[in-house]
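Please go over the structures that come below.
In the two complexes below, subunit A is the common chain; its partner is subunit B in one and subunit C in the other.
Let's look at the complex of A and B:
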């Protein structure tokens, strides 16, 4: 498996990449909460949010196509809401269609909810993509630890991050082995094969976990992973934080 | 079922974060008491296992494919608290790396796919012990537990979306539950197949949740 499968583009260099992970995490969270709290009809505030996040994406030199492709993960949910629109509470009717015997009318209230949800979701996912594509997961975890997330969770997550590559490789090898031997078969049989693969993977993972623990004991593992790189707030973090905060606050005050 | 940001209102998301935070903190304490230091590598590797298992797709009708969720399997094999801890790590990584599920909505996602799914699966599996102890019972119990964990998590998801005012409950509920009742069949069959394999090869691993 290619290593860039996870945190792709996080090794580029830009102003955003150089910020402290804590700054970026808090900024993303503030941005998302601010978007979620913005009232439905407040289009100017959403426009300001969009300007902010797109300019940051441009500064971070992320390929636009990659960002758009990644943002499509919200699509199933947008579709789900779109399906419900015709059934929403009655209001002023924006249009009505006849689908076979069914008269479906779409109300403005319903369309507003759809637009609102879609815009909010897209803004939030852009900021999440910005965060994850400009920060190495290892640094982000270190930052989260300093922000007060319990050490145990951070350690488990760091172990998980290290072994994702090993186990995904193992899973892909098993899949290749299955695909080169199996000629299809019924659906039930396929599920059974998959179950056997997952079961084998579980047993191997469990045994691997035990031998990792034994290896850690041999080497005198304390309760911390030490690394040379230290995080530090720099002047750039302070100026970014102030500028970012001002934009968010002004979007709340001016357009409320 | 990973809810993105923007689909649930701020109060619902905030309540989700508080509930998830509290439960995860308790889960950390509970597993630490049982496993000590060993908790860290083992939970980490098993979270990576669930993550890897989720990448193995299987075909559903009409060219679409589904994947295994794993919350039920983790809870059945390791107990509900360890299951919650593992699923939380999986969801955090999915959110931070793949943007699968929102950041502010993370609490709600942990609540649905971690806490609710783990407890439902664990207690249905344990409850099925009342009907006998045989191998068949364990397989059926495990399959049902997995089916219910998926369906009830989706019901919770529908309620959260409805409370947020995004979709009306009387339609969201049957649609979400209906879709996931179908998805859950795959989950149930796979979980039963996994249990079947583990019973045949490493039956001792089925007793982990008591350790």
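Let's look at the complex of A and C:
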């Protein structure tokens, strides 16, 4: 079955695509830290951040609709965490409501923080979309390895990338098999079936893991994880790094 | 004739105490390709996994004169290229290149050598140009060929294939047979697919319940319908009539 990959647009070609994965990874990290550390009310700094990330997204030739759609994915999580802040933060009351027995009030300070959290999350997710959509996961992992991330973690991530779709296929086949045999039944019964399916999926993955390990042993896998190909920084990485750093630092200095 | 595999009195018990192989005695010579046939659960895969020491029973097996023991494992695993039945187990890397290069990298070859070996192995199975593809997006036939390339990159002297034609349509199956037939090294093939065995192997053994119950030339064994029936490899007479009823 075909699945759209995490790094769907990574085989386009643009200035951003040609950068070394490490440059992009570090730049994203710096961007995120800079966004997170910007004071709450500093809207001009956020505007600059937005301009920066949008122009990079445009340079990378990513379809705007795709970027917007992907960026919405995190909002449920952000809202789940932040939605209560306006009710809990003390300050000037913006509105007061009676819900059944409770009286709740929303404060301006709270609303400001909510908006702030949402904007920060959105900016961060933009930069992550930029990173993940312009870098092949394989290259990103290679970059991370060279940046000193432990090999075991890299190996786990690369196995995840390889097998997540095999698992999805397996789960889909199981669902089809269930649906073609299930004739109604209560909620509880359905839940029980779901539990069994998850259990089966777990055991299958476990057994697959064992076969994969045997297949690795067959080809001389020892205690050590070896690899080939080192990445190399290019001139373009240096220029991008300097330009990006300047924008971030100036945003901090000018708007602090 | 050189003995390439020499197994004496091999027995194997699974961790749950169930006996997988009973007193296997088998010598394979360099002039022959061997087919291992038998019903499901006969112990075919278990036997194959002993050939490069992934499983180890009570007794030592010799491959190319080398005992399959701890200190020789690296050497025997290079010489014996084992291809698993499910290519999704065999192909675990994000790209085809990484998978085919996995063995040579573990053997400590230089970058240039690794690249040459990968290119050569992919060419042997007719899959050159697939280096940067992701294994997940290949067809089963393509995956099977790449799986074979992953062991060819180690220049094995014995190629061991477990059910190479399972899940393949006839066209992919025959093109795989063609690819395997062209490969110069010795082969041991476990399968149910008698067409494939006729095309590739001179000698056949039947394994049933962990015991070798027949051993002989492929033509003799595959023409002995009574023998095949006794071990569930050919349909009973009354079942053959089902075909005529249609």
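Just so we're on the same page, the second predicted complex is superposed on the first by the 217 of 256 C-alpha atoms of A that agree within 3 Å, B and C clash if a C-alpha of one lies under 4 Å from a C-alpha of the other, contacts with A are read in each partner's own complex, and residues count from 1 in each chain.
Keep this in mind: contacts are C-beta pairs under 8 Å (C-beta built on N, C-alpha and C of every residue); 3 or more make two chains touch, one makes a residue touch a chain.
On a predicted model such as this, the values are computed, not experimentally measured, just so you know.
Enquirer: Once the shared chain is lined up, is A:159 touching subunit B (first), subunit C (second), both, or neither of them?
Expert: The answer is both, since A:159 touches subunit B and subunit C.
Enquirer: Looking at the overlay, does A:138 come into contact with subunit B only (first), subunit C only (second), both, or neither?
Expert: A:138 contacts subunit C only, not subunit B.
Enquirer: Which partner does A:221 contact after superposing on A: first (subunit B), second (subunit C), both, neither?
Expert: In the superposition, A:221 contacts both subunit B and subunit C.
Enquirer: Of subunit B and subunit C, which one contacts the greater number of residues in subunit A?
Expert: Touching more residues of subunit A than the other partner does is B.
Enquirer: What is the contact status of A:212 with respect to subunit B (first) and subunit C (second): first, second, both, or neither?
Expert: both
Enquirer: Touch check for A:242: first (subunit B), second (subunit C), both, or neither?
Expert: A:242 contacts neither subunit B nor subunit C.
Enquirer: Mind working out whether A:171 is in touch with subunit B, subunit C, both or neither, as first, second, both or neither?
Expert: Only subunit B is touched by A:171; subunit C is not.
Enquirer: Touch test for A:147: subunit B only (first), subunit C only (second), both, or neither?
Expert: Once the two structures are laid over each other on A, A:147 reaches no partner at all.
Enquirer: Considering each complex separately, which residues of subunit A are in contact with subunit B in the first and with subunit C in the second?
Expert: 137, 158-159, 161-163, 166, 208, 212, 216, 221
Enquirer: State the interface residues of subunit B toward subunit A in the complex, per the touch definition above.
Expert: Per the touch definition, subunit B meets subunit A at residues 2-7, 9-10, 13, 24-25, 28, 32, 37-49, 51-53, 55-56, 58-59, 68, 73, 77, 85, 88-90, 92-93, 95-100, 102-104, 165-168, 171-172, 175, 186, 189-198, 201-202, 205.
Enquirer: Which positions of subunit A touch subunit C when the two form their complex?
Expert: 2-3, 5, 137-138, 141, 158-159, 161-163, 165-166, 208, 211-212, 214-222, 226-229
Enquirer: Where on subunit A is subunit B touching in the complex?
Expert: Its residues touching subunit B are 6-7, 28-29, 32-33, 35-37, 70-71, 73-74, 77, 80-81, 83-84, 87-89, 113, 117-125, 128-129, 131-132, 137, 140, 150, 152-153, 155-164, 166-168, 170-172, 174-175, 187-188, 190-192, 194-203, 205-206, 208-210, 212-213, 216, 221, 223.
Enquirer: Subunit A touches which residues of subunit C in the complex?
Expert: Against subunit A, subunit C makes touches at 49, 52, 54, 74, 77-78, 81-82, 84, 86, 88-95, 98, 101-103, 105-108, 111, 114, 134-137, 150-151, 154.
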